[in-house]
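One chain, chain A, links the two complexes that follow: it is found with chain B in the first and with chain C in the second.
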Partner chain A sequence: MEKQSKKLPIKHIIGYVTSVILTFVAIWAALGSNLPVMWIIISIFLLAIIQAAIQLFLFMHLIERGMGNAPWNMMFHGTIIFAILIAGSLFTMSFGFM
Partner chain B sequence: MNASEENSKPLEYQTEQGQMNIVGFWIFLAAEMALFGTLFATYAVLFGRTADSPAPGELFEPGIAIVMTLILLTSSFTGGLAINDMRRGSVKGMMTWLLITLALGLTFLGFEIYEFYHYATEGATLQSSAYWSAFFVLTGTHGLHVTFGIGWLILLLIQLAKRGITSVTSNKLFIFGLYWHYLDVIWIFIFTGVYLLGMVI
Partner chain C sequence: MQLDEFFVTGEPLIYAGMVAITLVTGAIIFLLTYFKKWKWLWREWLTTVDHKKIGIMYILSALAMLFRAGTDALMMRTQLAFPDMNFLNAQHYNEIFTTHGTIMIFFMAMPFLIGLMNIVVPLQIGARDFAFPYVNALSFWSFFFGAMLFNVSFVIGGAPDAGWTSYTPLAGDVMSPDPGQNFYLLALQLSGIGTLATGINLMVTILKMRAPGMTMFKMPIFTWSTFITSFIIVFAFPILTVALALMTIDRIFGSHFFTLAGEGLPMMWANLFWMWGHPEVYIVILPAFGIFSEVIATFAKKQLFGYTVMVWSIIIIAGLSFLVWVHHFFTMGAGAFVNSIFSVTTMAIAVPTGVKIFNWLATLYKSRIRTTTAMMWALAFIPSFTIGGITGVMLGMAAADYQFHNSYFLIAHFHYVLIAGTVFGCFAGLVYWYPKMFGHKLNERIGKWSFWLFVIGFHITFLPQYFLGLDGMPRRVFHIVPEWLPLNPISTVGAFSMGLGFAVFVYNIYYSYRHSEREQTGDSWDGRTLEWATPTPVPEYNFAVVPHVTSHDAYWNMKQKGETVYDESKVEPIHMPNSTGQPFIMSAIMFFACFALVFEWIWLAVAGLIGTIVMMIIRSFDYNKGHHIDADEIKRTERSARGL
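Take a look at the complex of A and B:
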């Protein structure tokens, strides 16, 4: 069989090391820093989104020869549904009437 | 990427059926996103409704949540390395990485069971309050997915040992890899939205 990937999976290693670092940055922001609570919430969710993108692009080969646009399409629309469900529920149930 | 790599698709994409399976699995993952979206939304709405039971900030321990996160992240990484070895045609390397992935998945599950047991002894169960119901359903659904993934991986390992890397087994293992990485994506949001947030607020 023809060699189709490198001996050293550089993409995976970069993704893994970055994810570990981002995890610890998030832990520090949440537990160790003195930032205002709103800033902590925003920053840890941003870090989570970056980590999710690392998984999708570097580990799951979201964009790869042989697949066309389907994976990208599915994840994009899945994310929109995910965001509407959560933001919509919070708006109607918790914050909308203030 | 050079020209010869551009022309040769990985083995798991080479049959029409194989491509369809992978596209179908991406559709399934989008549906999973809707499932976890509803569970996260329920959790977010019921946040703080702990009634007489302990507040999450009192029970959550940073240590165990961090260990679980790192274990699942590492198992996602080793699962990726297994697929990398599969594309190099190395059955032995692949088996090794998959067994490590399996062991890490089982360790994660052990920690989760311990964690749930610990909360139950502290007076936080599924029946305690709206908040804890939402918590156990959300993390429990993720745990159930991990459990299912472990069973799936064991069956695939047996098949891999018997048949080696073919266009059929490579397709199945690639799809398993997608599932396993996806579980880590969900866990990142559970770790952030449930554990870190529960300890901050």
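Take a look at the complex of A and C:
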């Protein structure tokens, strides 16, 4: 641990820059592109999925070795919470009204 | 903007508040300068990354916030004592119940518990600090500056006045154009960074830094409850972060997430808020359960009854806590099917909670109870909390909730669970671990006075409120009618008794500092878990030799075998993190940015944001490796502390 390498973390910089670009593309798609609403929704969803993948692979140690199953464990629980959040909100906010 | 728009004007009580703030700040600056303590303050406290000192700062801040929000409560009770009181006007009353609720939850209950976790958890698992000490300091300072941002609102800009739940559309830009609501959003956002980081930090600490031999099911129960609490924090707080961000964008940049116009969904705020809000309830109660379990096991001098069942009931409560949020807005009108489902999940939570109550009773059964102050808080908790829990099940029945909703019945219920659970828990924990933090016990006689004043006052305050609710008194009214008369003054008397109890508690801190006997050993209460194996005061590195754990109640078993954790032949140099001023400076910059955003001074806020990013970059290139404490120094410290 005494001598940590001080070279640039090139992977992280690429990931960060791509994320920023994708975010700006999404903002442009939503605010400046004049696409039909359905296409805006589809395109920003696609951009979101790409960005999530970048986060997971470049930052979240998903492909790093020696982490045990901790990342998978957290992703499992995160997915469950996510499912509750989405399904639960739809259920309570859209169904059952008289 | 004129200066008289910037400061709140025209309220004698608020002028008094301004004078008090000026005097206290002046007094602090004067004392620090007079005793030449500035350097000491910076070196020992503002830049520390030591979990014990950070924990003490958390608890001190929480006590200050308890005082502030408690004063709010007393003002409310004064206003409600008799019909047509004109102590507070409607606007001021709205502001005060909003700040009371928000401060008590975010800036009192959570920091108090997180402070206790900070101090106790690394000691209980045989660790030398948190997994990320730097982040821990950052957590504290972002909480602290968030709390300060919220607290300046009543003299600068005006306090938020839409209730602690901040429901839209009332909290939206159209109906609350003043900066008050922005204070709420940004203060919670800023302190939320700290809470989330603490959750991650504690989770990693507990997973990775336990002493060798301590498997998950040999962890002390307080550590277990902290662990589960961190899980809830990590999964629930992002929801609040997003909801707050959406409302901030609504208010400052004119979007329509929660507005009435432009296809916004005002009830979506309530939905998101309670998706975080219900797990939040368990964030503040589960650690208190852990504290009571430790206190009861120690002073009943028995192993905790049903340890495994206790752990599993915490896990089940945590899981269910994510499935009940709709019971906070049954009256939204989502229909019988939706409400029935959430009614059932709500009542299901009573089962694991009941299991815990019976386990505590079984631990007490046929034991030789030492009625110390800490134990008395724990004993008072069991019946008081049960009353709160039973009325909670009543509220959980959707049909009945249409009657109870937003009445004083609800107010009484959540004060019964939050005060009897969390506040009693905080007091029990503080009294119990006080000798570990400060090297002397709190005086028992004065402690019992504060206990009785507070507990009797608590029941006098809130038991009548159940009946006021059944008499139809709604929450958040600032005038009562004569029909509610006899019970309201009684409730007010109780509130002042609680205030007196708190004052006696604080006096006890001063009295004990002056007069209490200093601790000779580290084991003040004949404890069972590893924190009592360290000498008092706890050295910077906690454990000179990392202990080896073979059973639950590790230290108790060591004592039975006549062992200690210290073995001079095994002392090696210890690697510790360095102090750093970065977390303090970075949080101060974020405070500045948030403050600018409150008043919608966008370019100042951007400047603050750039400052924050610069601090992050500085941190990224910071290769500070910490320092080593050499073995001779450790031996000297341990010898003098252990009297060898």
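The rule we apply is simple: the second predicted complex is superposed on the first by the 77 of 98 C-alpha atoms of A that agree within 3 Å, B and C clash if a C-alpha of one lies under 4 Å from a C-alpha of the other, contacts with A are read in each partner's own complex, and residues count from 1 in each chain.
Keep in mind that, in the parts below, a contact is a pair of C-beta atoms (placed from the backbone, for glycine too) under 8 Å apart; a residue touches a chain by one contact, two chains touch by 3 or more.
Because the structure is predicted, anything quoted here is derived from the model rather than measured.
S.K.: Report the partner of chain A that touches more of its residues: chain B or chain C.
M.R.: The partner with more contacted residues on chain A is B.
S.K.: Between chain B and chain C, whom does A:41 touch in the aligned arrangement: first, second, both, or neither?
M.R.: In the superposed model, A:41 contacts chain B only, not chain C.
S.K.: So, does A:78 touch the first partner chain B, the second partner chain C, both, or neither?
M.R.: Touch status of A:78: both partners.
S.K.: Of the partners chain B and chain C, which touch A:23 in the superposed model: first, second, both, neither?
M.R.: After superposition on chain A, A:23 lies in contact with chain B alone.
S.K.: Which partner does A:51 reach: the first (chain B), the second (chain C), both, or neither?
M.R.: A:51 contacts chain B only, not chain C.
S.K.: Of the two partner chains, chain B (first) and chain C (second), which one does A:91 touch, if any: first, second, both, or neither?
M.R.: A:91 sits against chain C, while chain B stays out of touch.
S.K.: Who does A:60 touch here: chain B (first), chain C (second), both, or neither?
M.R.: Touch partner of A:60: chain B, not chain C.
S.K.: Show me the chain A residues, by the header's touch rule, that chain B contacts in one structure and chain C contacts in the other.
M.R.: Shared contact residues on chain A: 1-2, 4, 70, 77-78, 81, 84-85, 88-89, 93.
S.K.: Tell me, which parts of chain A touch chain B in their complex?
M.R.: 1-5, 7, 9, 12, 15-16, 19-20, 23, 26-27, 30-31, 37, 40-41, 44-45, 47-48, 51-52, 55-56, 58-60, 65-68, 70-71, 74-75, 77-79, 81-86, 88-90, 93-94
S.K.: Show which residues of chain B lie in contact with chain A when the two form their complex.
M.R.: Within the complex, chain B contacts chain A at residues 4-6, 8-11, 13, 19, 22-23, 26-27, 29-34, 36-38, 40-42, 44-45, 62, 66, 69-70, 73-74, 76-77, 79-81, 84, 87-89, 165, 177-178, 181-182, 184-185, 188-189, 191-193, 196-197, 199-201.
S.K.: Would you mind writing out the residues of chain A in touch with chain C in their complex?
M.R.: 1-2, 4, 6, 70, 77-78, 81, 84-85, 88-89, 91-93, 95-98
S.K.: Which of the residues in chain C end up touching chain A in this complex?
M.R.: Against chain A, chain C makes touches at 207, 231, 235, 239, 265, 267-268, 271-272, 275, 322-323, 325-326, 333-339, 342, 623, 625.
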